Amino acid sequence: MNSNYHLTDLALEAAQRLRGEGKGDVPGVTVNELDVQGISVTRVQVTDEGSHSIGKAPGNYITIHAPELKYRKPRYSQQVSAVVTQEMQRLLPLSPNAQVFVVGLGNWRAIADSLGPRVAAKVYVTRHLGQFLPPELAGGLRPVSSLSPGVLGITGLETTEVIHSIVRQMKPDALIAIDALAAMDVERIMTTIQIGDSGIHPGSGLGTKRLGLTRQTLGIPVIAVGVPTVVHAVTIAANTIDLLVRTMAQQVQYMRFMQPMAAINKRDLIQEVLGEAIGNLVVTPKEVDVDIEEVARVIAGGLNGALHPGIEQSEVMDYIR
Amino acid sequence: MNSNYHLTDLALEAAQRLRGEGKGDVPGVTVNELDVQGISVTRVQVTDEGSHSIGKAPGNYITIHAPELKYRKPRYSQQVSAVVTQEMQRLLPLSPNAQVFVVGLGNWRAIADSLGPRVAAKVYVTRHLGQFLPPELAGGLRPVSSLSPGVLGITGLETTEVIHSIVRQMKPDALIAIDALAAMDVERIMTTIQIGDSGIHPGSGLGTKRLGLTRQTLGIPVIAVGVPTVVHAVTIAANTIDLLVRTMAQQVQYMRFMQPMAAINKRDLIQEVLGEAIGNLVVTPKEVDVDIEEVARVIAGGLNGALHPGIEQSEVMDYIR
Amino acid sequence: MNSNYHLTDLALEAAQRLRGEGKGDVPGVTVNELDVQGISVTRVQVTDEGSHSIGKAPGNYITIHAPELKYRKPRYSQQVSAVVTQEMQRLLPLSPNAQVFVVGLGNWRAIADSLGPRVAAKVYVTRHLGQFLPPELAGGLRPVSSLSPGVLGITGLETTEVIHSIVRQMKPDALIAIDALAAMDVERIMTTIQIGDSGIHPGSGLGTKRLGLTRQTLGIPVIAVGVPTVVHAVTIAANTIDLLVRTMAQQVQYMRFMQPMAAINKRDLIQEVLGEAIGNLVVTPKEVDVDIEEVARVIAGGLNGALHPGIEQSEVMDYIR
Amino acid sequence: MNSNYHLTDLALEAAQRLRGEGKGDVPGVTVNELDVQGISVTRVQVTDEGSHSIGKAPGNYITIHAPELKYRKPRYSQQVSAVVTQEMQRLLPLSPNAQVFVVGLGNWRAIADSLGPRVAAKVYVTRHLGQFLPPELAGGLRPVSSLSPGVLGITGLETTEVIHSIVRQMKPDALIAIDALAAMDVERIMTTIQIGDSGIHPGSGLGTKRLGLTRQTLGIPVIAVGVPTVVHAVTIAANTIDLLVRTMAQQVQYMRFMQPMAAINKRDLIQEVLGEAIGNLVVTPKEVDVDIEEVARVIAGGLNGALHPGIEQSEVMDYIR
């Protein structure tokens, strides 16, 4: 999770919201959907023009929605891994010897924020093997490295600066950054994987200028893989208010009561429900530990397939560490 | 957390709700408050008569509210431990050689439910030391044992049956059971410790009869120590609706609009906001891992002080394992 | 690991030692070997007569030696799991609805002793599912429960007493106990799985009488599954001395120098090399954490196959939790 | 642990061995000892001249030997922390605002190698706090950051290159690197803390040139803090042979038998005792997990005292995270 939370981090949710608001198709935003055995794949393409309306950087955003992931069925998980592999390959064409750097963003001490470090720890790292590769795999493995730099609060270091300095030193051909996200919709928690090629743009924060992780700043392709692991409690409260107001408006014939509504301060209401810790409260499944481990395995398996052509699809999970 | 969640588990919240509903003092429910250096201690006594109104078994419920616990300041934590020691001693007078069995309830795989196992793992266990006790402590240590039996979902065993069979075998003089709770109010998460002497009464569940952990069923005093680690997401949504309706009612002069309100189905609204996983969603602080560890240390320190008179108050945290 | 370490815990090593000492076949001890794709399986049968010579309780001891387990190759691990399944089924014929209780012995805080708890946490537990079983599996799953009772040092409770009281309460049809062992030979560390049907016989300890976990004491079949995770440092030192003395004896034509050898106190030598912590020192692979996790997976997979006929051999690892 | 293990990593052991071999005082190696309440502190100074004889880079090596650390007594641990603080301040004089970078070397997946990452995770990190410091501490806290870069085998990255590139970017005023060591003598396991100012010099490895972490290569003072967490099994076997041979030589009047001894190949003997995994076997205490956690706390406490003058000695452990 980036330090500056947005109420939504998913491009698909942003596009749906715009449509939901009756704005129809948004110019510069193309949405394509396909369905693979109960797994829906939505490809959102955002041009410069669409970027402003949707509030997302221009680029491709692939959303894999796999609602049954939460049941942790081995075969289903493997299918989702295969979809990750395939979409990753679409977004990131790699030469046979391309060196790839996998970065696990987030705080491993905060369970819902530990997705990135978990994936980085599981992906099959090979950069150091060189000539010591298992012979049956030589030729089919790209040099992959991985690191989880932690977050500012536990290292005292700006994460993106750490990554920039390592990239400058080791000169990988591509960067893949994994991060936990916050969604608007609870149905997306632990069931949706977003893969994008527009990089990671940190919030502008408290007046400080933060470096992004993008092709512009790093000089190499940057793929961001994110999974909503929480919905902010604020979102739940806000959604509840919106829905209630909408419901009432439909039921009351004359809209007169909407005037007093205007006087209601939504922000104050939410503050009163959530108290002082308001920004610090998140909504997660009870067994967030088990769920997040499974999603991390699925992504690591998907990356193994995309990065190492020598590993067959049926074995990508076997190379998880 | 018990398998059957109540929207509230705190006696104090129940009492406050009744008063909040304008019912004034509830017969059979006595509430006393004191304040120790920023830590409020509320002692609620529930008689048979009060039991029904408040929805809690008759007995004593002590609520220690320590709002600054979340800052994890060592001295403050130690003060809270001292209050736990003192209140525990009030509720559970023990003979010098009384054997005490500490049970950590809950699921160590689900972070918010791992409070009990964490405390059980930290408390100073001495039952096996016998004559091998550190000489400077002999005489000042009671024989203490501890166990975390897990939950039905991970062991396949009814937790209370496991405890009953061990108690029958080893015949301790008292049982202390630690458990994570769900609160109504987010301000209570990780800041409130409830200590009660009425035992643990599992919900009636899906038609199955569950054995409680009480003085009646076990034949020894049973002290329950609980800390709210979550608020159910359902509670947040419900609280938001209630507050919004109340606020609007105040603002609108003529109450006419309350009629359509009646037609609004609160349950459906919440279902729509929270989706299918509704009962499975909890609200926690982002750093639930760190917070729960600190509360577990505070309780383990408090138990060390209460169970082992030979350990000085300034050192109770030193004997945490 | 039991609290009282034996220099060897493997029946096969005991039999080999006897033969190594030129005693040839030992009456009452039958040894059969077979080889399955690089995995050797040795079945040692000990009668009452053989029990005394070999220092093991009468019964069957199956030793699965899989030297490549340490490379953690998925397919090899699955083959070893299949052998565990098959040998387990030979030793423990079960009726279709037999209720099985899996107990993880050992201390999860001491990495080399955490094998039992790891297996118990991974095996597929079903006893509580009852009618809620996944329909495709109903009929093919036996009711399995599992528990890791910890060790005396962390609970203050005699482990075998805890198990006895739970068995008395829940009346399973068979008990499977997993434990870490100490071997004589470093080649066996993390590569050998011993399965026996003679139960677990705790050392006599410091004058205290300990209850065993056997068919006699529990009234049900007891299968012990053990893996050497360490060799005691004492064993390494003793083996070194023995080998050196033997080597020198061979090289020196006249045996005169053996007289002074007699005066050398082996125990004192070892004490001097290993110092005060002598009994507390163990030899393990550097990456004991990773190795033990893999062996635990292999055993849990093997148990899934043996206990749940509805799970196909190719999927036993998928049901590991 | 560095990837290339030396049979000893402690300067003090090297100096003692030379003296033990009857070489008396070694020119260029000064040894001073003091004793603080059962904690011995030995300061070894190695000049360029002494460097060659002792096989250590020129510099200061402080060895804190605290044999009772293994009992984990809180007050004793705090005393050892105080000694760490004091010796650290002697070796590393810092300006009030000096920025310090703490690096945890080693592999957190291999328990005995996880000391560095544990200390790095516990030390009080403040670099990011800036003006948000707790007011009572402002002025007394230096900007401290910390990172555990992992090891080549899990990241695919050369650890020292990662550190070099981060140092180049963030320009700290000093580097403190924590690492697990291998000792010659089992008595030193988990009881000895070595602090040195000569940096970290990686072995020359398999023909590859590795960058060191030294004042020369980094341009800032480098303090290395190491604790022996293992003795190589090879060392145990070799020590046993040496001692046995020495003992026998003393007992046998005529030294004739020493001739055949010469024919004994020590290396082969050890290989036979330790088998194929020989270089991979280490000797550790059974409860290495608990022991290493305690030593990590002691060092983190010591660093808190040395780096943050605003933290009183009695509270250094309180700021451990």
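In this document, chain identifiers A, B, C and D correspond to the written order of the chains, with residue numbering beginning at 1 in each.
Following the convention adopted for this analysis, a contact is a pair of C-beta atoms (placed from the backbone, for glycine too) under 8 Å apart; a residue touches a chain by one contact, two chains touch by 3 or more.
Just so it is clear, the model here is predicted, and its values are computed rather than measured.
Peer 1: Tell me, which chains sit next to both subunit A and subunit B?
Peer 2: For subunit A paired with subunit B, the chains in contact with each are C, D, in label order.
Peer 1: Would the interface of subunit C with subunit D count as same or different, where same needs over half of all numbers used to appear in both copies?
Peer 2: Same-residue interface.
Peer 1: Write down the chain pair with more C-beta contact pairs when A-D is set against A-C.
Peer 2: Of A-D and A-C, more C-beta pairs in contact link A-D.
Peer 1: When the C-alpha atoms of subunit A and subunit C are each averaged to a single point, how far apart are the two points in Å?
Peer 2: 44
Peer 1: Could you work out how far the Cα centre of subunit C sits from that of subunit D, in whole Å?
Peer 2: Centres of subunit C and subunit D (C-alpha means) sit 36 Å apart.
Peer 1: Report, in whole Å, the distance between the mean C-alpha point of subunit A and the mean C-alpha point of subunit D.
Peer 2: Each chain reduced to its C-alpha mean, subunit A and subunit D end up 40 Å apart.
Peer 1: Of all residues in subunit D, which are in touch with two or more distinct other chains?
Peer 2: Counting only residues that touch two or more other chains, subunit D contributes none.
Peer 1: Which positions of subunit D touch subunit C when the two form their complex?
Peer 2: Those in contact with subunit C are residues 70, 107, 109-113, 185-187, 189, 230, 233, 236-237, 239-241, 243-245, 247-248, 251-252, 257, 260-261, 263-264, 269-270, 272-277, 280-290.
Peer 1: Write out the stretch or stretches of subunit D touching subunit B in their complex.
Peer 2: Checking each residue of subunit D against subunit B gives 74-75, 315, 318.
Peer 1: Report the residues of subunit B in contact with subunit C in the complex, numbered from low to high.
Peer 2: For subunit B paired with subunit C, touching residues are 121, 125-128, 143-147, 149-150, 152-157, 161-162, 164-166, 168-170, 321.
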